[in-house]
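What follows is a structure written as structure tokens; I'll ask about it next.
When the chains are written out, they are named A, B, C, D and E in that same order, and each has its own residue count from 1.
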Amino acid sequence: MKIQYKPKRDLLETIIHLEILQGLALTLKKLFSKPITREYPGEMPPVYPGFRGQHALVRDPVSGTSKCIACLRCSQACPARCIRVKYHIDESNGSRIVDNYEIEALRCVYCGYCVEVCPVNAVTMTDIFEYSSTDRQSLHFDKERLLENWDHFTKSDSYERQSYVNPLWRPRGFPKSRLTASSRESVPKNRKIEKQFTGTKLGIKKNNKEAGGYNNLYPTHGEKNAH
Amino acid sequence: MESTGIIPRLEVSYPDDVLHSYQYCGQDVVLTRKKHILDICSFIRDQCAMNHLMFLCAVDNSRRKEAIGKNEYERFEVVYQFYSMTTKHSIRIRAQVPDDDCSIESITSLWPGADCLERECFDLMGIHFSSHPDLRRILMPEDWKGHPLRKEYPLRGIGEWAGYETLKEKSLELRTFDYRSSQKGNE
Amino acid sequence: MSRKISFNCPVQAGDEDRYRIQMGPQHPATHGVLRVDLDLDGEIIRKCNPHVGYLHRGFEKLAEHRTYVQNLVLTDRLDYMAAMANNVGYCEAVEKLLAIEVPQRSRYLRTMVCEMARLASHLLWLATHALDIGAMTVFLYCFREREELLEIFAELCGSRLTNTYTRLGGVRQDVTHSIMMKLEKFVDSFPSNLEEYETLIDTNRIWLKRTIDVGTVGADEAVGLCLTGASLRGSGVDYDIRKHFPYAAYDFMDFEVPLGETGDTYARYRCRIEEMLQSNSILRQCIERMPPGPIIGDDAPDLIMPNKPGRKVEVDVPAQQSLIKLVEDRETFMEGDVYVATEVPKGELGFYFVSDGNGTPYRMHIRSPSFLHISALKTMAKGSMLADLIAIIGTLDVVLGECDR
Amino acid sequence: MGQLNENDLVKIKDGVSFIPGASALVGPLNRIINWGRAGSIWPVTFGLACCAIEMMVAGSSTNDLDRFGIIFRASPRQADCLILAGTITKKMAPVIRRVYDQMPEPRYVLAMGSCACSGGLFDTYAVVQGGDNFLPVDVYIPGCPPRPEALIEGLITLQKKINQEQGRWSQLV
Amino acid sequence: MQILILLIQIAILVAVVLLHVAYATYFERKIIGHMQVRMGPMLVGWHGLLQPIADGIKSFFKEDIIPDQADKSLFLAAPIICLAAMMVSLSVLPFAKGWALADINVGLLFIFAMSSLASYGIILAGWASNSKYTLLGGIRSMAQVISYEIAIGLSLVGVMMLSGTLNLSQIVEAQGNSFFGMFIISQPVAFFVFFIAMLAETNRVPFDLPEAETELVSGYITEYSGMRYAMFFMAEYIGMFVMASIGVVCFLGGWYGPFAVPLFPPIWFILKVYFIMFLFIWIRATLPRYRYDQLMAIGWKLLIPLSLGNIFITGLAMTLAQ
């Protein structure tokens, strides 16, 4: 396909500077239109569930501490090698007990692999992205700090709004067999199950039935998708 | 991609240079000696209408399982991939470059665009391209030691680059003029 | 007064009246950290020598020390204007090497995000190109559209810029209805918004004067310089990898490849504008034809590679030290080498893999379009004026992250 | 310094000190200057890698850094703040230091994103492991890249830091 | 006594103009911001109203760097030359009837002289900084000023011919109180040439080559920091103000308006000046930048022939009318 050029301007247009006047008219029109600026400290940007923000360790309501079982999958999957887990083995039953769980937030690249591979939904990424600091040490999260992050997050609006189920724990559209742990948190009952999106002009309608099994796999998040 | 018939033609034209050829994932590959690489490339460009040089890079074979113990492999190889925009065929040439004579002829006379790619090979792998107009380091600083992509080069580098060392010294020295440290000194 | 003028570069014989100037690495118009050494005769460039490497991060070396899955994260940082397209390109290459099947739905999803990335990248290109030439309002209008796309990315995969959306053997997340509704709204409004930018520059006499006959490259010269993408097509060479080696779902899409004739900056500008419209129509087709089905294949590797059969991860526990040592299971992957190219917004992005059967690539070479485009700068800028150089850097659409790797 | 060091001589530099009574004058002046500085932080137009794109977004219409009085200056001589937006390679580090040295006091450094803070993903031969190896970094902004709002939040942190400064002007005037 | 009054007048004028300059930058940022669908300064003061003050305070207390290799005396003198020349030209502007500090007979020439002098400041700044970008900026500025000074002078010859004087107040009087008396009606071509040349004289988009940010970093002011940079900045905005004032005086009927305002006569003058300054800002938000040789070509090949033709036709028309 050869590209088409717009016709050249004629003499009259050259003299009255038509195209420049059009440009001026556009900017003048914009002068009186509403700015699209989001006034940030007062007005928050939309953050969607599954946003890869500040890390946290989920505080288990039962035990009051982290759910981590020190399987080290997260630190193996981490491309930036920023997760350090220290643990010891309980002599009585041979299970691993986490001593410290460190995430170096300044080295992390926020890829979300650690969250996705965690078999017990212990580590997560929250919607919080405002935690700049004037010193380096405060961004080196240890276990306590990570648990605090979770507490901080559970108090925030975005947690309240969608009663958090991180889609990274349970990626939308993933068959159950592919999830790292099949014993993952079940979807709360009051959640609407959304059908998988499909196009309207499908040439292959008959395949629909076979693929129907995938339709009811993933929950929606909050009332956003309800309508 | 079906067989293009280029490999037999190459084998006929350059019987001494073609070592071995194979197809992998539908891509034609020819292993050659480095001696007549310029002729081979110009043959490919002019006789086979392969006008597009897709990429040019160097590989260090020293730790490669399949290469170890086979004498058709040398320490390094320079890989060229050519493509013909008209016939939609492509071919890959792997020219073997021995460790002791680490040089190969430049193809900048055929593809001016190969200039930077060859400089990159020289920079990262240490392969000399004879008759290259301006063979300097391109990605690393001029006084960098070693060739990072060679297999024996560790990931974090050997030693510290001199320029960075001087920078660190300078920044320590200039720190005295810093607001924060002058404050600390007085407190 | 002249006693105080001291030039850093030694002046060679015959060059006494040349004015040497070093543009960059910190310069507003070099799109990052490109450095260009110029020999000026008045304002006319006699010699132009681009220096790259100020963003060389050792990608190819690092990739040899990370698994195939982890390297996916690296590719986000290659061409950060269109991270999605890089993800797709990388995955297509690795899937060819490891012979992984991709389900149809995720092919469509990949096509969709690729085109979204192309739009985002081209919008950023238009913005910076216009800013370089002085039209700063276009810059901000383009960002408005781009923001919409980035918000869709954020909703889709949780990150705005470095998406890590694809996965070997599929994609990471399925789309939801709300994402698709947003996308549809975007697709509907995009052509009229594009018109808006065009009012400001397309027929503007200053823009025409600054772009027509600037940085002209003939078709043969462009091929010789290894230009790809819109920079090549502006010269009239019909080479688009989406047509030549269809990947993802481009086989099923109806689109055309816009070709220029003159090979100057204006032709490339028009080419990219037309490409944006084509991408928009591909997006619409993706929305309309999105098939149902799984988004990830059955034989897709796990996030922790090497994965099968019987992944073996040993943990070295000197209990006091508790350091983690991962002994990678030397599971047999395919041995061989493969080169797969994809059409990213900048041009032809190719990955050349040499595998020796480990979970990490033996050698990964990235054929980055920007690297070759910058090398073409030397030829293109010669004889033009200083202000033209800015326009040429803009029109080549270089991104240094990809160039230096 | 009015509130803190009321009773002793305030030492600014070797041999330069303030008389205690002057603090009534110095205190408000200090506050006004800090307000001026916090209200007009001009960063250098200096992008390194990915984060530079988010920096541009922060300056664009949706977030509009101009609201805070922040406009980008191309010349380091007129800038107050250096945003390290992206990976710092060893080849680039001397250049960055040079840009920093060209800036007039008071100058601030923001490290934006993992790469600038600590090298991030790129633990390789070519990358500096953190900008604070050779620059006095004032604010660290985590994220890869941080959202533009996170950058704004980092700048707000910097404003807070500026507002707490005492007598940084006295050496200059 | 008279001197004292004059001094007070000068002080008031300078204070008002400096405040005006400060707020001109504010309005520029605000208007361009809204044209780009964003907000402009918002948070320093109510709707960012204190923004210029904060900028001023910050610049004043910023370290003043004099590069080692610079020619110190010239480096220090350049911003002062620039600012002083621009400020002096304020003295002859008639803001209202009788509201001029110095109502001299050669007002128009005086302003041209001063604006040429200001360009010396720019050239010296470019030279004395001893940096390559500033030198290029200085050279560009010199060439630009020389070419467009001619165009702007020639374009005003028609006005001088019609009014028969160089005194600014008398030029306004010559246009009279009516709308159709304005010289923009009788001299449209001259106004067109004047307007474009005015943009070039004040280094505004699309002719902002001496400080083209994407080409020359900051052009001739690249090496200036702190207050000295602010002085150049002020000089540029005062230059805009002066040029806009000349446009108002020569083409838009000066202080005359549809009706007379009793207490504050300069109101119409100021409104008209602001209108022209708005045009400056508006154009800045819309247009790209010319290339250097194209700029020269416009100056020499388009504007100067046009204005010469305009003089010829004006002369012809005047002769015929007699």
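Assume contacts are C-beta pairs under 8 Å (C-beta built on N, C-alpha and C of every residue); 3 or more make two chains touch, one makes a residue touch a chain.
For clarity, every value in this text was computed on a predicted model and none was experimentally measured.
Counting steps between touching chains, the shortest path from chain D to chain E takes 1.
Note on connectivity: the fewest steps through touching chains from chain B to chain E is 2. Following the contact convention of this document, D is the list of chains adjacent to both chain B and chain C. If each chain is reduced to the centroid of its CA atoms, chain A and chain D end up 30 Å from each other. Separating the CA-averaged centres of chain A and chain E is a span of 52 Å.
For this pair, chain B with chain D, the centres built from the Cα atoms lie 41 Å apart.
Centres computed as Cα averages put chain C at a distance of 44 Å from chain E. For chain B, the set of residues that touch two or more other chains comprises 140-141, 148, 153, 155. Touching of two or more other chains is recorded for residues 45, 60-62, 64, 67, 74, 91, 105-106, 121, 123-126, 144, 147 of chain D. The multi-chain contact residues of chain A, meaning those touching 2 or more other chains, are 20, 23, 26-27, 35-37, 39, 79-80, 109-110. Every pair of chains meeting the touch criterion is listed here: A-C, A-D, A-E, B-C, B-D, C-D, C-E, D-E.
Residues of chain D that touch chain B in their complex: 11-13, 90-91, 93-94, 97, 101, 105-106, 123-126, 128, 133-136, 168, 171. Remark: chain B residues 140-141, 148, 153-157, 161, 163-164, 166-168, 170-171, 174-175, 178-180, 182, 186 touch chain D in the complex. The touching residues of chain D, counted against chain C in their complex, run 44-50, 52-54, 56-57, 60-62, 74, 76, 86-87, 89, 91-92, 95, 99, 121-127, 144-145, 147.
Listing the residues of chain E that touch chain A in their complex gives 31, 33-39, 42, 282-283, 285-287. Considering their complex, residues 32-33, 35-37, 39-40, 45, 60-62, 64, 66-69, 71, 73-75, 77-78, 80, 102, 104-106, 169, 172-173 of chain D touch chain E.
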